[in-house]
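Each chain gets a letter, A, B, C and D, in the order it is written, and its residues are counted from 1.
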Amino acid sequence: MLNWIILEASSYAAQIDNVILIIALLGGFWLFLAEFVLFYFVAKYRRSRSPKALHITGYDHEHNKWIHWSHYAVIACDIVILVFAARAWYHVKQSVPEHIDEEIRIVGHQWAWEFVHPGADGKLGTPDDVNLVDELHVIVNKTYKFHLESADVLHSFSIPRFRLKQDAVPGREIDGWFTPTVAGTFDVPCSQMCGLGHGIMGGRIFVETEDEHRKWLESATGKTAAIPGHSTGKLASTQGRN
Amino acid sequence: MAMVQPIATRRSATGIPTGKLAMWWLLGSEITIFGGLLMSYIMMRIMYAPWAEAAAHTNTLAGSINTFVLLTSSLFAVLAHHAAEQKNGKLAAFYLWLTIGGALTFLVVKGIEWTNEIRHGFTITANTFWSFYYTAAGLHGLHVIAGATAMAIVSFDCLRGKNLQRVELVGIYWHFVDIVWIFLFPLLYIAK
Amino acid sequence: MTTHVAADHAHSEGDHGHHELSFIQKYVFSTDHKVIGLQYFMTGVLMGVLGALASYVFRMQMAFPGHAVPGFGLVTPQIYNQMVTNHGTIMIFWFAMPVLIAAFGNYLIPLMIGCDDMVFPRLNRLSYQIFLFSALLLIASFFVPNGGFGGAWTSYPPLASNPIYNQTPYGAPMWLAAVALEFVAFLLGGINFITTLMNARAPGMKMYDIPMVVWMIVIASILFMASVGPLVAGAAMLFFDQTLGTGFFDPARGGDPLLWEHLFWFFGHPEVYVVLLPAMGIVAEVLTVFARKKLFAYRTVLWTAVATGVLSFFVWAHHQFVAGIDPRMANIFTVTTLLISVPITEMSFVYIGTLYGASIQLSTPMLFAIAFIVEFLIGGVTGIFLGASGADIYFHDTYFVLAHFHYTFVPIAVIAVFAGVYYWFPKMFGRYMNDTWGRIHFWGTAVPFNGIFIPLFYTGMAGDHRRTFNHLNFPDLARGDLIFWREFSTVSLLIMLAFQVIFFVNFFYSMFRGKKAPANPWNANTFEWVAASPPPHGNFVTLPHCYRGPYEYSVPGRSSDFWPQNEPAPKT
Amino acid sequence: MSQAADAHHGHLNSAGEHGPHHPASYYVKIWALLLVLLVISIAGPMLGNKVLTLITAFGIAVVKALIVAAFFMHLNVEKKFVWYMLFAMLLAVVMFFLGTAADVMKYDGSHWTKPSSYLYTEEFKKAFSGGEEHEGHGSDEFDSKALPNVPYGETESHKAHGSHETEGHGLPAAEPRHGT
């Protein structure tokens, strides 16, 4: 639904947009109906046209039904929304696909993203890991599992074009996954308040074809950015004062 | 500033006197305050089994003495209420002072206990168990001080035979402080 | 029955003799509920102006990043964060709550239930004084070294708990202390409201005879009381983290940042209904009077309000769907969140139903009341996107969220408050506000308001995330259409702010020079219109007795279309 | 009827307006009962049985609290509404616990773990098995004067605290239990 505003660039972007569409249709229908009735009443029952008001308690069935059917309508709509929302949620957050092409590690710092690519051997925690600041290189149509951490405060790993968002919590390692479906370069902003530099904390994700990715990997191997104290899953934050 | 009680204060549509009703609502809000703190503590206490080792360094004897002191002072508070019901302001004031004595004893024991613990290095920053220990007991201690102050004020009115219904109100508050301690005692001292 | 009234009367004469009070006694240290109500109102509105000015500064920065803001200067990230944080804090804790609950509650509850004052006048004054002190403390926090707190109004640790991270070693604890003190003030005030309604009602006033706004304010106070406790404890914990260096929220020392998020939102979500319900109550009063119509299904409104309040304790984690909570819990909270749409929809439908067969007079307060329903419906429907876990993955912390809750909070704290002010102004000061200027002010508020936030729904859907100092730092967000709509939103804000000047001029001019109003200018039923305008100390000459519900308008067989609550039924 | 209830409550008739009047000895007996319960709750843990400890410690705490509430606070003769209100407040707190425990009370869950909590637990055990000195954790000294007053820019890079974070705590190099 949102493709015309913002590209759907991951495997589950369309599913999430569908949830949004369903809610927009159901909610929008009731919203417009309610607003229409409201404006209609305001126009129809102006004092000039309706000098004497009715006296209605609203307790008798004849009038009450106009309110009470809304229970059923709302609950029915809620169930539909719930089914779609929970399915999308389960797909994105509660399950990880069986086949994972590569794993990456993401660490939020004040105020930069540290992306650990597994390097040529495809495994994290080996010497050929490629460790970059604010640059994440992935291959289109491959499934990635990420391990998200934070070194200091709360951050939020967000790729709007993937419809992906997950807070990075110090002390926690949170797993998630994505499959980019469109090649290109996209923003990876931090979307949780993380201090002074929150407004400049943004990485870029480079979704590349296999060839491009191989070329990049060759040029990048061995040139790992030195990030002092970068986390390899040891520990996130400590109070600086101790 | 001398102020005349409005008529509103003397009305009682529920049948519960206004002061007492307000006291119940106050206790209701206190329940959620202590509840939030203790629930946070319980969650971490259950999660971190090794905290039992830290809890082993709490002074169960001091805790037990304090429980005894508070229970006894609660008895005095209810006896003060009893005396106030008989319109015996002097006796009520006497029992209130006994209750305040209990509060002071409690604080003295607490002071000795804390001094000892801090001397052994168990400060509020030593680790999170001790942070909870001092925060919960400290918050409770503030309530003890507040209760004792309120009782002192009420006791002077009692001597003059004024506002005897307030003896019951401070009494209820004091029993609540007692109940909080009844839960703090096993949580901080006994469970090891 | 009559003897009671007479007895009350005798007391009121005896108690409130006409001894002259000095200005300070009368207006600064008064224990009179009306003076305290107005004090809350003025303080709240002043803080609201402060919050609005903050929004001017950061909205200008959003639209024209890098340019000096006229009248303020260059906005640095530090100032920006400070403005955003304190805008949120002020608008909720020092504007919406004091005005909606404390000001209207203090002013209206004793008048509407027919007694002479709150049950604890001195507690009431203490509550205001604590509130005032907390407001001053918050303002003072801007002027300490390193400036005020800038970690968002949610103040998530470890950012909020550690000066190394937030860079505001003094601002952050001061901010927290101010918020905690404000809670204490409202706890005291809330106890007073609840006890007053329960015990001090006029004789004859039964449960379903209480005006809706009084019910709503009291239900809101109960909600506040039940939800704020854990956060008060949490504030103490966070304060120790900030000042002593404990580790309640420090993962390296066994703490958990998510604990704070839960403590905060366990309060934070009921808080939404704490401010919503009084606004709903104000609108109910205004709607019935100017529609000359009985409130549709009074009991339904009351019980849906109670149901909303109860449900609001089960939904809080929808603010944390992607915040690192266990994803399985999100399903439970989605169900409860969607459930809350049932009572809210029903309440909205009841209000619309009240207009059926009515005789509507579109006076200024009525325009604001209708605008409240119109706008709040949009705010309510857009909330479903955020309560549904699947959609929230994308919308969380975008401008869509921001636009959604402004579509609820602005109708609540601005539009409904204006409805209430225009409606009760004759009671408060004995004079009318100018209706023509009121209408101009209405259109200048309701229309630009949509101009501010509808574009923000769009930019939010396009991926603008919140609390970002400068969106142009993000290549994908430096798009022409987004830049245009950000500017559009800011310009709308400027227009809306400019129109508020009309309100203030109208307010203060009418206070002294407005047309004199009689005791019951709108032909309303509730007790406050029985008292003189403005009501003297002690409110009523004879404390009223209640004979019927508050919304008996256009009763068949009566010559006048209203039937005050204190008027005895004709002998048959 | 509220009319009747509106009759003026004098200053005194509110105290002891309802409920039976007991002799003072009645309260002393309840106090004695409370003391017996106190002794049991202290003695319980000495038996060393974990389940028994929980029962004697917390079960008796609940009983004691109820006795104090009912007989000392006179909730037994108070309007039922007060019980309901206080109980509702407790329920709110329990609700808070239920919603929060799934995250805060656990080391791991669906797609998340808390590496630092594992570490913290390890370290905690080590600190306490290492004798009575409590070097590891007990040695932190509170130093609030050292609050940083750093201008923007100095801590801008994470280098500043990034490096001392590993030394400052003397963290063990052991990899926490989580999959990579």
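Just so it is clear, a residue touches a chain if its C-beta (ideal position, glycine included) is under 8 Å from a C-beta of that chain, and two chains touch if they have at least 3 such contacts.
From a predicted model like this one, the values you see are computed outputs, not experimental measurements.
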Innermost chain by mean C-alpha position: C
Between A-C and A-D, more contacting C-beta pairs sit at A-C
Farthest from subunit A by Cα centre, which chain is it? Let me know. B
Centroid distance [mean C-alpha coordinates] between subunit D and subunit C, Å: 33
Averaged over CA atoms, how far is the centre of subunit A from the centre of subunit B? Could you give it in whole Å? 47
Let me have the rounded angstrom distance from the C-alpha centre of subunit A over to the C-alpha centre of subunit D, please. 36
Counting only residues that touch at least 2 other chains, which ones in subunit B make the list? 11-14, 16, 18, 25, 28-29, 31-32, 35-36, 39-40, 43-44, 48, 124-125, 127
At which residue positions does subunit C touch at least two other chains? 77-78, 164, 167, 201, 205, 226-227, 229-230, 244-245, 247, 251-254, 256, 258-259, 263, 266, 324, 327-328
Which positions in subunit A are in touch with at least two other chains? 93-94, 110, 152, 170-172, 174, 196-197, 235-238, 240-242
Which two-chain combinations touch? A-C, A-D, B-C, B-D, C-D
Spell out the part of subunit C that touches subunit B in their complex, as residue ranges. 8, 11-12, 15-16, 25, 29, 31, 110, 115-122, 187, 190-192, 194-196, 198-201, 205, 225-234, 236-237, 240, 244-248, 253-256, 259, 263, 266, 538, 543
Would you mind writing out the residues of subunit C in touch with subunit D in their complex? 1, 4, 7, 76-78, 145-146, 163-164, 167, 169, 201, 203-206, 226-227, 229-230, 243-245, 251-254, 256, 258-259, 262-263, 266, 313-314, 316-317, 324-329, 333
The answer for subunit A against subunit D in the complex is residues 93-94, 96, 103, 109-112, 124-125, 147, 149, 151-152, 170-176, 196-197, 227-230, 233-238, 240-242
Write out the stretch or stretches of subunit C touching subunit A in their complex. 77-78, 80-81, 150-152, 154, 156-159, 162, 164-167, 245, 247, 250-253, 256-258, 291-300, 322-324, 327-328, 330-331, 334-335, 338-339, 341-342, 345-346, 348-350, 352-353, 355-362, 370, 373-374, 377-378, 381-382, 384-385, 388-391, 393-398, 458, 461-463, 465-470, 473-477, 553-556, 561
Partner subunit A, residues of subunit D touching it in the complex: 110-117, 119, 140, 143, 146, 148, 152, 155-156, 158-159, 161-166, 168-169, 171, 175-176, 178, 180
